[in-house]
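Input: structures, listed below.
Across the two complexes that follow, chain A remains constant while its partner is chain B and subsequently chain C.
Entry: the complex of A and B
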């Protein structure tokens, strides 16, 4: 999977509340989702994000990869990220 | 300055009169009296002391324009009306016809022409859109139940069955279409519009045109919709392509007055389809005012012959949440409005 880029207009609050101004849709993400979105906003690619999270949290890289891809799939479905 | 506004019946299918008045009064620049014009003695806006200073019952235009004109003339003698803002679809044609006579009395209006009103009518919308290359769902017109048999050859169910003025139903088969046909034709007359159903989210734009340009436009996504299809909460959004499409439509119509454009964004293609043009401000017109585009007050200024600079921005993410509230009054007020045809809040 290539580098993912957050939709440029997406507003992400500190509470993990997302608002997409182009469609009016709102979403909520948990702490981990918020962290991944923050890394994406910083321009990190998938490997850098996985590395950063496995370093900080007690999680197997393989499990994280799977959950990460699942999360990305959802973000793409809702047009919150695009291929960079 | 004395401004008369119709459509104070903000019930479960609310009219725009009350939010139009609210926007004008909260402009920070308006000083004058608001005169409510009612078609029914139980229009809630008449009873709320902070809406209209005084309200009068007037006859429906369908009862004869001369009756309506004479009643307005009597009210004008007492109130010295400067501007009338009609806010209901069904009265517009009558007010357009009366506008020159009202002007002679010294009462200004800010209305589209009869031709413009016809161009955007539900039964003419598809032709207008095709002419100006605006995406619109396919439609056919039905003047009898027999016409419903044409649905199968033109569309796949579900389809949308629409009344000529108001109301619509999504139907899944001929039987449901027939039920909707009878219900809508009994209420609003013929023809009935059968429209292709586009799957996707609905977006609405509240706007104001001056005849030559778009003065303002605010786009909104409904967040909660009642079983009558009315938005009970909504949020302002920013999609430049939607606003550009709105501008194109308003310019093509050369629309002069407030209006609401209703779009559906096709779930598959992400393309906007124009499904309806309502020839007046919507009931959510206070949201644009709260978001930075006070379109009712701008219309008032235009009606008074003043220059209004087009709005260019508005707040994104501004929400409205509509609520109902039981207003308590005494039978004396109802008696006054029923017997005298007016209610004065001083």
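Entry: the complex of A and C
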């Protein structure tokens, strides 16, 4: 899979609001969504994101992987990530 | 050190300028227990999906509605509408509370008799009564509610032939301002048909006119149609009294009181949208005080309420079989209970909540049943917190018209349990097996063998 790049102009607030200035769209994310977006903004790849989260949260890597891919699919649908 | 609790990531797009029609802000409480019994334990013991009835709630409903009516009019008799839910255990609860049986077929009639209900406590409604069914009802002194002229003529013929008297009422339909009109059942009031039928009955020595009946519709969203109907019924009773000296034993207002299920297309939750039952009781009992020349022996008011007495006593536990995304990215859940068990979801948005604690952020989702059929959709749009495969959900208000209208289609029908008022859980209908379903089938000898390559 190619590297996923998150839209660089995306503004993520502490309370889970997401704003895309280029289109004026807003989104809300839950705790885990916020964390993954933060890691993506930091330029982390899938493996290191999964490692970081399984370290901290009570979740199997396999389950997380599945949710992560599903979440990335959503981000793509909303055009928040582009294939880099 | 323990790890933090995980919830899968969720992202929702905000549509500014629109009211959020899915009500994302509301936190719905998970339903982890039914009558203090953990949902998890119920599933572990009785399987999934699972219908759960609460004896306590049924009795409370019955007592509550009885009180509401009896404080307005003293002589009130309930007749349990079998079609709403005719499982023996359920009917027995209502019979223990003093309700008669209201049946609309010989199948239901036989069920009531087998359960021990005397004919005189059975109200026999319906447009399709057979000769044998009528004969039996006459012999057993059931109250036969005549639906049409052919039934009236047949009753005249049978009572002559048997030399017996039948206890009868007619079903009357009226224009109560509700559309579509329910004019396919009974005799019409406005065009004079009801009076004509009554005239024929009162001159016949073998037909004893004991009452008048109407059932103006189901899930009536306003009390006013009842006031109109009962006003017209009372006018008929007064006419019978003054012109034909008939003293009726009862006036039967039928059923139709709404339960707290929210209809599809209804924006407000049913609890907020519907008038209180007190208002229905006012509308139904008010006109009775216009009865003339009844003196001290006022007729009994019969009520055949169904869904209002049982819907909220029924729960359906279901398990999440899979999560998917639809082509537009929307979340979809597949659960193991579909329209095969919830015929009612064609017109109701059954309340559905997780059976375990969840996070607060929700996403818009569709909920599909297990059938490989496009129509098998329980919720097109519902806002739900993140749940995963194997977790459970609880559907509310499924006590009425589910366990009678469910289909043995594609899969077997599950167990039904009742949580007893005095504690404990009883299976009131076992889950079906393949043997049970196949026992009526017969395969011609010539079709018994085949070989596939």
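Keep in mind that, in the parts below, the second predicted complex is superposed on the first by the 84 of 84 C-alpha atoms of A that agree within 3 Å, B and C clash if a C-alpha of one lies under 4 Å from a C-alpha of the other, contacts with A are read in each partner's own complex, and residues count from 1 in each chain.
We take it that contacts are C-beta pairs under 8 Å (C-beta built on N, C-alpha and C of every residue); 3 or more make two chains touch, one makes a residue touch a chain.
If you're wondering where the values come from, they're calculated on a predicted model, not measured in any experiment.
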Check: Between chain B (first) and chain C (second), which, if any, makes contact with A:50: first, second, both or neither?
Finding: neither
Check: Touch check for A:78: first (chain B), second (chain C), both, or neither?
Finding: second
Notebook entry, point to check: Regarding the shared-chain residue A:68, is it in contact with chain B (first), chain C (second), both, or neither?
Noted result: second
Notebook entry, point to check: Is A:10 in contact with chain B, with chain C, with both, or with neither (first, second, both, neither)?
Noted result: neither
Checklist line | First, second, both or neither for A:27, with chain B first and chain C second | finding: second
Next item on the list: Check the contacts made with chain A and report whether chain B or chain C touches more of its residues.
Entry: C
Margin query: Under the contact rule defined above, give the chain A residues that sit at the interface with chain B and also at the interface with chain C.
Written below: 25-26
Next item on the list: Under the touch definition given earlier, write down the residues of chain B that touch chain A in their complex.
Entry: 201, 203, 220-221, 223, 234-239, 265, 316-317
Next item on the list: Over in the complex, which chain A residues touch chain B? Could you list them?
Entry: 9, 11, 19, 21-26
Checklist line | Residues of chain A that touch chain C when the two form their complex | finding: 16, 18, 25-33, 35-36, 53, 56-59, 63-64, 67-68, 70-71, 73-75, 77-78
Notebook entry, point to check: For the complex, which residues does chain C have touching chain A?
Noted result: 2-14, 16, 24, 323, 325, 328-329, 359-361, 386, 388
